[in-house]
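Which chain is which? They are A, B and C, in the order written, and residues in each are numbered from 1.
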Amino acid sequence: MHNMTWIDDTLRMVRKKRPLVHNITNFVVMNTTANALLALGASPIMSHSVEDLEDLVPVADAVVVNIGTLDEYFTYSMLKAVQLAKVYKKPVVLDPVGAGATRLRTRAALMLLNSGGISVVRGNFGEMSALVGEYGRTKGVEAAAYESVKAAGLVLEVASRYSTIAGVTGPVDYVSDGRRVFSVELKKSSQKLEQVIGRVTGLGCIVSAIIGAFLAVEEPLKACIAGIATFKAVSLYAAEESPYPGSFHVKLYDWLYKIDGESIRSVVKVSSVELSQREA
Amino acid sequence: MHNMTWIDDTLRMVRKKRPLVHNITNFVVMNTTANALLALGASPIMSHSVEDLEDLVPVADAVVVNIGTLDEYFTYSMLKAVQLAKVYKKPVVLDPVGAGATRLRTRAALMLLNSGGISVVRGNFGEMSALVGEYGRTKGVEAAAYESVKAAGLVLEVASRYSTIAGVTGPVDYVSDGRRVFSVELKKSSQKLEQVIGRVTGLGCIVSAIIGAFLAVEEPLKACIAGIATFKAVSLYAAEESPYPGSFHVKLYDWLYKIDGESIRSVVKVSSVELSQREA
Amino acid sequence: MHNMTWIDDTLRMVRKKRPLVHNITNFVVMNTTANALLALGASPIMSHSVEDLEDLVPVADAVVVNIGTLDEYFTYSMLKAVQLAKVYKKPVVLDPVGAGATRLRTRAALMLLNSGGISVVRGNFGEMSALVGEYGRTKGVEAAAYESVKAAGLVLEVASRYSTIAGVTGPVDYVSDGRRVFSVELKKSSQKLEQVIGRVTGLGCIVSAIIGAFLAVEEPLKACIAGIATFKAVSLYAAEESPYPGSFHVKLYDWLYKIDGESIRSVVKVSSVELSQREA
């Protein structure tokens, strides 16, 4: 896992297979995540229609459900999509945007998780905390103050409780399969990246969407790490070229196209985290 | 008011407080205005769900309602949000996109205004005219031919009739509290800005959204002037760097991040307008 | 038709008239196509509300219906808009996004086509195939493997069956009025364009939207050719400047603003296609 050489092949497979990734996502990032998936080399289809599900899920290579702007129709459509994905054995990634910020979103995230069809759940610290009953940490849809010391334990608890792969993103990202915890981080911090990373909407949603693309070619633990590591590298290169929100956003898509395994490995490292005790 | 030195602090306060701005807005600009608020330094949350309102309005620092793409659900959600904002004493900005172009939009804008919870209403000349019964001036959602001589009187009438702050944007912008009228304009006109300003969608919506951010830290009259002045400066700097629609749009977000009070004051001036008679 | 000198005037007329183009389109590209129309010089209005139709269709210069993200409300709104467009003699362009990929979309596209109010239908090879009963060729919303030899015959069949103008876009684009077939292609292929063209979402939707703008000033056959030729030239210039998805996307809007007839004619050619037999 740690030397990351496997990511070269994972990325190559995405570009060779061009997996069809079916997204039921929020209105704010539909364009953003479709463009991110295309730039990376996958084939997105965006559809929230319940009537489309029977035709799309069976042919999709992965499904992304993202609760960033909910109403009853979307919630129903996501639940139905996850059920169909179980029937057709399709991997699903859940982005619990705003869980903890409103009861509607927390409930929807929990319903989706409890359905048993979620392969990977990825959120920020506040959102992931809400999934284990720690409320009041989410301010809007932004990350709560990042408690890195607790994040590793949190992700272990989410993964273990819901029998899924869980990823939490922040200054250091952690991924767990319910037994082990891995950290994903930049080898060297970047002031330019820190300046701009919180200033563009939908970046977390991009991470979840590209995890969807990796799920189509890789098992969930590696897919989650690959998605997080790829985005971390891409955002670093983009910020180094242009640390202002508009230009940075544009460069992200350029780099999702340009990135390769070696460029990821040269700036991102994956490590095992030893937890002396359950800390969540 | 006129020397504008207060805007330095207003802008600094937005960046320090990072106010949570709750947006119920149209599908076309959800991404645009979320990114504009983030670039400026605020924390947007985009949610149209009625179920979310009880959880979001009480913790929001300001609410933005924008009628650019309406259906019954959105209209109901906006009305409910404005009612809750009154209860929780939260400032609200209304963007009456397309009022005057269709009866649905005119009615929705008037319902929202008549609810009594609107702190600031900002639109273009055609939209603001529709709010005082002057129809047929809106072509689509674009500004009607700007009748500058009438715009100052118009904004006074809107503000006075609905006991709110009213802002009209165009070549010269006017803001009124129902008694006084202020103009906000560039010290020097820019051909590059004039070339590109009408060629990107959602610019008016950005102005309204950032007025929302300023409402979280400033009283409504100043918040409206600050939002308009900030956007005027930002769009000038962006257009001078790149007077073509795609690149200009990208630069807008860069400049929303970079802008400070001094850069605004050096290119924008605010003046009192003496109205010899009611001209609307 | 072939020397394309007429396109100079067509483009000038769009910029002079600034036609109001009413779009009922999908959530993914609402911002994209509004910005494309503005950059070109038209006046977009985006509205899916049934209540808006009676006020918008009569004053619109053209209507664009795009089925990229459907639900019952949108389908009903599009059908009603096409009916009203017939009453008020407004030209309509249909983009059958994802026809063939799901039954819902195929049915919606056919219902709209059979209503008799469609002036131009433009899609990719898989979508257009689905309109004549050739299913299973659409992978998601992307083009099926382009069968150029069959594309010319296909477009003739669609145009003839539905008494409309049909355009199919791909490496070579074909347009037919049901009797004749024209090809629209680059005079010289571009590796940079080929690299980037499939990596941004909504490009086909942009073509359809700008055909809408041209429909407001030109008869349907020429409007379809003008829209396709303009986009082909614009995408070539943008890709030559920047062959990566994010930057290319930005440059597209810049070039939609900058493009003129001569720049189109210098890189795109239109030819008559002789079909020895029906090949679809």
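The working rule: contacts are C-beta pairs under 8 Å (C-beta built on N, C-alpha and C of every residue); 3 or more make two chains touch, one makes a residue touch a chain.
This structure is a prediction, so every number in the text was calculated from the model and none was measured.
*Asks:* Cα superposition of chain A onto chain B: how big is the rotation, rounded to the nearest 5°?
*Replies:* Best-fit rotation on C-alpha atoms: 120 degrees.
*Asks:* Regarding the chain B and chain C pair, does the interface count as same (over half of residue numbers shared) or different (under half shared)?
*Replies:* Different residues, largely: of all residue numbers at this interface, under half are found in both copies.
*Asks:* Based only on mean CA positions, could you tell me how far chain B sits from chain C in angstrom?
*Replies:* 34
*Asks:* Hey, what residues on chain C touch two or more of the other chains?
*Replies:* Residues 27, 31, 249-250.
*Asks:* Going by the contact rule set out above, which residues of chain A touch chain C in the complex?
*Replies:* Per the touch definition, chain A meets chain C at residues 20, 27, 30-31, 34-35, 38-39, 43-49, 51-52, 55-56, 59, 73, 249-254, 256-258.
*Asks:* In the complex, go through chain A and note every residue touching chain B.
*Replies:* Result: residues 26-29, 31-32, 68-71, 98, 101-105, 139-142, 196, 198-202, 244-247, 249-250 of chain A touch chain B.
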